[in-house]
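Here is the structure we will look at.
Per-chain numbering from 1; labels A, B, C, D, E and F assigned in written order.
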Amino acid sequence: MDKKDNTRINEAIARLSDEASYQKLFHAYRDEEGLPSTEKLEEAVNLCRAILFPGYYGKAKVSKATIRFHTGVQVEQLHALLSKEIYAGLCFADPDCPQCNESALWNKATTLSESFLTTLPSLRDILATDAEANYDADPAARNRSEVIFCYPGFRAIVNYRIAHELYRLDVPYIPRIITELAHSETGIDIHPGAKIGHHFAIDHGTGTVIGETSIIGDYVRIFQGVSLAGEKLPPDECGNTIRGIARHPIVGNHVTIYSNTTLIGRIHIADGVVIQGNQWVNQSIEK
Amino acid sequence: MDKKDNTRINEAIARLSDEASYQKLFHAYRDEEGLPSTEKLEEAVNLCRAILFPGYYGKAKVSKATIRFHTGVQVEQLHALLSKEIYAGLCFADPDCPQCNESALWNKATTLSESFLTTLPSLRDILATDAEANYDADPAARNRSEVIFCYPGFRAIVNYRIAHELYRLDVPYIPRIITELAHSETGIDIHPGAKIGHHFAIDHGTGTVIGETSIIGDYVRIFQGVSLAGEKLPPDECGNTIRGIARHPIVGNHVTIYSNTTLIGRIHIADGVVIQGNQWVNQSIEK
Amino acid sequence: MDKKDNTRINEAIARLSDEASYQKLFHAYRDEEGLPSTEKLEEAVNLCRAILFPGYYGKAKVSKATIRFHTGVQVEQLHALLSKEIYAGLCFADPDCPQCNESALWNKATTLSESFLTTLPSLRDILATDAEANYDADPAARNRSEVIFCYPGFRAIVNYRIAHELYRLDVPYIPRIITELAHSETGIDIHPGAKIGHHFAIDHGTGTVIGETSIIGDYVRIFQGVSLAGEKLPPDECGNTIRGIARHPIVGNHVTIYSNTTLIGRIHIADGVVIQGNQWVNQSIEK
Amino acid sequence: MDKKDNTRINEAIARLSDEASYQKLFHAYRDEEGLPSTEKLEEAVNLCRAILFPGYYGKAKVSKATIRFHTGVQVEQLHALLSKEIYAGLCFADPDCPQCNESALWNKATTLSESFLTTLPSLRDILATDAEANYDADPAARNRSEVIFCYPGFRAIVNYRIAHELYRLDVPYIPRIITELAHSETGIDIHPGAKIGHHFAIDHGTGTVIGETSIIGDYVRIFQGVSLAGEKLPPDECGNTIRGIARHPIVGNHVTIYSNTTLIGRIHIADGVVIQGNQWVNQSIEK
Amino acid sequence: MDKKDNTRINEAIARLSDEASYQKLFHAYRDEEGLPSTEKLEEAVNLCRAILFPGYYGKAKVSKATIRFHTGVQVEQLHALLSKEIYAGLCFADPDCPQCNESALWNKATTLSESFLTTLPSLRDILATDAEANYDADPAARNRSEVIFCYPGFRAIVNYRIAHELYRLDVPYIPRIITELAHSETGIDIHPGAKIGHHFAIDHGTGTVIGETSIIGDYVRIFQGVSLAGEKLPPDECGNTIRGIARHPIVGNHVTIYSNTTLIGRIHIADGVVIQGNQWVNQSIEK
Amino acid sequence: MDKKDNTRINEAIARLSDEASYQKLFHAYRDEEGLPSTEKLEEAVNLCRAILFPGYYGKAKVSKATIRFHTGVQVEQLHALLSKEIYAGLCFADPDCPQCNESALWNKATTLSESFLTTLPSLRDILATDAEANYDADPAARNRSEVIFCYPGFRAIVNYRIAHELYRLDVPYIPRIITELAHSETGIDIHPGAKIGHHFAIDHGTGTVIGETSIIGDYVRIFQGVSLAGEKLPPDECGNTIRGIARHPIVGNHVTIYSNTTLIGRIHIADGVVIQGNQWVNQSIEK
């Protein structure tokens, strides 16, 4: 670099290092604790898959004789990994909290991680119904194995169901990062707060969006580009966005929604309704 | 972990290791043979790209003087890589087959891999027409090189054409995994069973879906969010999904379909038709 | 490989090494210079993020005491990385240029890289408005930190704003590769040539497309599946595609466009307009 | 590369590709089977360490509650890894064997691997005596943990004892590669064929050599640079080196040999003898 | 695995998981804290090199204009890395200590790391004299740069001097692991407890050993295979090895010791003495 | 870090960034050019091995049918890799040279690399004699393949012969780094300047040193710990070390030197002499 370069670049460095410049965008996190790690959370989700679907995921080859060794080791690894990420999430959620106590936070994190582990058996049960539903939904599927191993719709549902359990435990940030991992991979964006019944199927799925306060019944099937969107609420008296109010659709059992249709607002779709594609639906639909 | 933790976690491990719990979701694969590997198949697709488009892909710098050395080495590597993955796919397709013979399967796998290799020269020819079409379709493209190097539409078409050749050879699973790799990267979901003519162009492409029994002519151009979808068939007498029936659209030559339009069912779109965006089309269109 | 294999494979190698076969698809690039590297450009974008949002990205933990050390080192690394990639882009843009001089190209590349670095402080300012806007737009967001750290819409806007500065400097290829990185990760496809005002928000975003000559005002908010598309222009007298003409929409300030709507052609959307979802809009909209 | 370069380089390539040039140095190995892999064998040795010394090696943190899960998984991994390497060793040992049967070789390899696994419990017992002896030998050692974790002498003994068990099972090549791994790391070269009693200690160890037919008693301690060397035997009648004859020293119990001393030939060192450093010893020593 | 295999292997697993079998070799370390990591310590030593010898080591290219940025970042990284490893060392040193307090240990670790950092400037000064001495010692050296960049003797001295400062601070284990890293790479084994003056040179060095209580003056030069060994002390009344007593040689200033010579016991070598190679020296040498 | 820490650490940073502190140890290398890379040179040596010994090294499986493709690609890769490293070595050798011209240096580097490539066929011929000799020397060797694949003595000779060709071409630094790679791995330290005849064998080898001006005949065999050392020369009139004078032994044909013997100074060892181990030899030996 000749001198002229240095001048311009050094000016840029000085401006970028000026506190006034970065104060709105600086994350002053708790000393010694990093941010949650998307890489580590991807590892954690992969461990969940290896535990839930023995033989499909994970590096090891399991047989019925050795499955208990593998499950034991993987659950222990998952516990360690998830505890750290939940801890990072708790610190991130409240970086400046003055009276906050590190070992109290760490205890909270390990307890939350442990509570999540206890939901794995029931997660496996409900995901078995989703595998069934996705297989039935797609005439191009050869067998259930193919659905479990490589269907993006099923993949996104797995991440959502893991994230939803963590969301129910009030773990901050981590559930959202887990559903965003699936969003990036599959184009399917399910908010971890949504409530979704069993036998849920998503076909193709790119562009599918299911918002935070959506409620979906059992045996529902949706296609690519379908949105369950929230209506825009007016700001509060101070002009701030109001958060957390129910604003997404409620979808009954045995409903099918074809591609690129948007359902918007707290509308109700009755059991058994089939909605054509490319619609803008902002009113409830009776049977 | 204190004792209370251990109790709850050990219960979870015990439940997860219980055969009744995992039997619906367990993949009892052939001893010593793993599942097909998405990483290895990504490597195989990258090798195809390096062979088909010398100078654009691959780590080595090729010149006309040395291109034959590189092609020789890469074809040999591709043969080894693909044989293993096809073998894994054959095992995955029929994990319990009792009379199945390992070396017969391996011979079948290497023969299929070899047959695929012989299609590479014609794959290059048809992909040259696709590169041309995508360049013509996008006024923002500077030259053909940019299309080959970084256009997601072209990228997805390459994966589809590779997968389609493997599909025609009746290789199980592998074609689908290859198109899913492109789906994840580009948001474009083309089933390997679809039949697509030359000079095919996809612009932007996120959310585009082309179903298993679609037939597409030459010089067709489609945009993001376009679906060639299958109509839902009634189940058979036993209530099972009927598989393999022609149920997706047939699109003629020189057709253009604008963004977010869905074509559904075994309808026919005549040569030269231009379809506006955001439509739900469930009837044939004459010129 | 038995002999029969070798024969068929060697024929394929011979055909693939035949100059007639590859000449349309061969990239005869400048000796000693490789193509731009998507991996390196991803690294460069990550360095930009680490510089712009101290504490959110990058491996190092920064404190106010040490931020200037980190900024200094990261800007220097970014300069080195970007200079090489811009150089590769310049070579790729004109591979055969006979009178081209390597050290002149290298000087041009380092000067362009340096000019980009000087825009980083103002990039940080405008991105602070985008973070604000995305937070306000989503009632599900807990705080600004979550938006900066894991919202795909914001992520895509960061890549776009970096790419747009490089586009304004007439750097070839590199801007497009940077926006394609975000496209692949988020499904949001913003052409680096588009002009976009401050406080820009994208919600969910999968399938969103903003074309090359689009102009977007301040405080605009768009949803998933929205396209700002170009109308198809007739070819020139020689039958070639005309390139570079303004053909995408102009969107005013404070406009909201709901999911899956397509705006096509050089239409004007007036300030403050709200457009419902799933529309095909090919005419200007007055307030 | 300009043309002149190409000429000289192409000549080199042609000469190097000429069969006459490489025939003495070409390894025509069995199709589809690679050579044994030093990386994989290093992994196998590390797995042995993790199994034998729980808590010292391996990535996982073991507790008494979970040790059986880890042991189960690690033994299974070791079995898979070692079977493949032993198979590669068997193929390497007899690459041209015409009547050789692949699945017979593979069965032999897995049986040998399994037989090795059954020796792990007794390997742990004898290595416990070696850890004890190395701790007693070095006044600078703080505790046994330090010896197990980071003493090069103990490290080399572990590799030797693993290799010796494989040598006793007549596994070709693999034992030697395992002791060479330790040789490279520690400078201690123990031939896997040597017979060494319990409570064996090596201090510092760089340059220590223990030849193929050496026999060493219990409670022996040796230092850096000590060689137990073979005397040179006259060639056989055809002028060829005679292989496999006992030609290295026999060392009794409770012997100490100081640094840089060479013992050469089939000499006997009586129980309890202490040998000064820097000696050339080619005659037996009585007590 | 057929059944017979499983039986034998399962027996081995059961025996290896039996507490009686592993109790002598089990490291019951503090929950949540792993062992010191040789990989991380190698990273820490490399960071020291990058700080001490700007321009020779480390990935970044430093110039005088930017050296302070790099030094700032690297010292901060080293502090973080070293604090963790020292902490792991403290935990390893006393794994069962019941009254031990985690945050007290952590505070101790960060203070020790910080104290080490303050010695870096004087470490640089004395290493400059060693570089000078090694250059003068070897007529084959072209310049000082070559010595700093690739001489194994100098490399081992750097590790020793870093380790010695940590040893003086009473950091457990870590100093020994750092000198063992150099031992493995160079074959030179210097105990971190040895005291060595300035202008110290080691030529070639493989097999060189310098024991724990050795004292070496200034301007000393030694060759490969030279040992400064401890005499064997009689055990204490209980038959245990006595630890920590001065038992290695004291070497004066300006001494040269040629290859493969062993000095043993608390002998004194006077200033200026030159000792021939291949000697066994167990008595003091006057000038 | 609390404030007290920061003070002490910031002082250390300030002292370390002070030019007076680092000026003796700073490498002010040519802008844009890094130092030679040991990793890249290890890769280059591995490529040489893969070219010279087809089937033993390298990732690809070669057959006689495809060996020419592999050789072509590998020679091209080696040329690119080595040219860059030689260039870095030339820059390192003369970092301040003001009139130095970058493209002249680059041309020199590629020409040197090319000249080295032309020596590969004869390197293969002489290494075939070394493989033969090492096999004959060791009664424990099963066949030549084992020698080529895993004998450290042969490994060090390969590195030496590669380095010696580069030394003869006057390439600076690179030859020394290549022999140091073998030194670190095997404990065998052969200076690239030594001249060594054909059929050269080293057994075990740890601690073996062969100095810069040594001359060794054909059919020579040496053991571990053997040094061919230089006598110490008096400094020149200004007190500086005299460099480059012949000062190491000359060893005739068919000589054997047993372990730990040192030969020192420009002495002559006649043809056919056998030297016992643990000797200090500073006078010539007649037959």
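In this section, a contact is a pair of C-beta atoms (placed from the backbone, for glycine too) under 8 Å apart; a residue touches a chain by one contact, two chains touch by 3 or more.
Nothing here was measured: the structure is a model prediction, and the numbers come from that model.
**Q** Suppose you hop from chain A to any chain it touches, then on again the same way; how many hops at least until you reach chain D?
**A** Counted as steps through touching chains, the separation is 1.
**Q** Could you check if the interface between copies chain A and chain B is built from the same residues on both sides, meaning over half shared, or from different ones?
**A** Different residues, largely: of all residue numbers at this interface, under half are found in both copies.
**Q** Please indicate which chain is farthest from chain F, where distance is taken between mean Cα coordinates of the chains.
**A** A
**Q** More C-beta pairs touching across which pair, C-E or D-E?
**A** Result of the comparison of C-E and D-E: D-E.
**Q** Working from the CA atoms, figure out how many degrees chain C turns to land on chain F, in steps of 5.
**A** 180
**Q** Could you put a whole-Å number on the gap between the CA centroids of chain D and chain F?
**A** Each chain reduced to its C-alpha mean, chain D and chain F end up 26 Å apart.
**Q** Need the CA-centroid distance for the pair chain A / chain E, whole Å please.
**A** That gives a centre separation of 48 Å.
**Q** What positions in chain A touch 2 or more of the other chains?
**A** As it turns out, chain A has residues touching two or more other chains at 1, 31, 61, 63, 68, 71-72, 76, 187, 206-207, 225, 260, 278-279.
**Q** Report the residues of chain B in contact with chain F in the complex, numbered from low to high.
**A** Chain B reaches chain F through residues 60-61, 66, 68-73, 76-77, 80.
**Q** Can you tell me which positions in chain D touch chain F when the two form their complex?
**A** 1, 5, 8-9, 11-13, 15-17, 19, 21-22, 24-29, 31-32, 34-35, 38, 92-93, 172-173, 176-177, 180, 183-184, 187, 189, 191, 193, 206-209, 211-212, 225, 227, 229-230, 232-233, 241-245, 247, 260-262, 264, 278-280
**Q** Spell out the part of chain F that touches chain D in their complex, as residue ranges.
**A** 51-56, 61, 63-64, 67-68, 71-72, 75-76, 79, 110-111, 114, 117-118, 120-121, 124-125, 127-128, 131, 135-142, 145-146, 148-150, 152, 185-187, 204, 206-207, 223-225, 256, 258-260, 276-279
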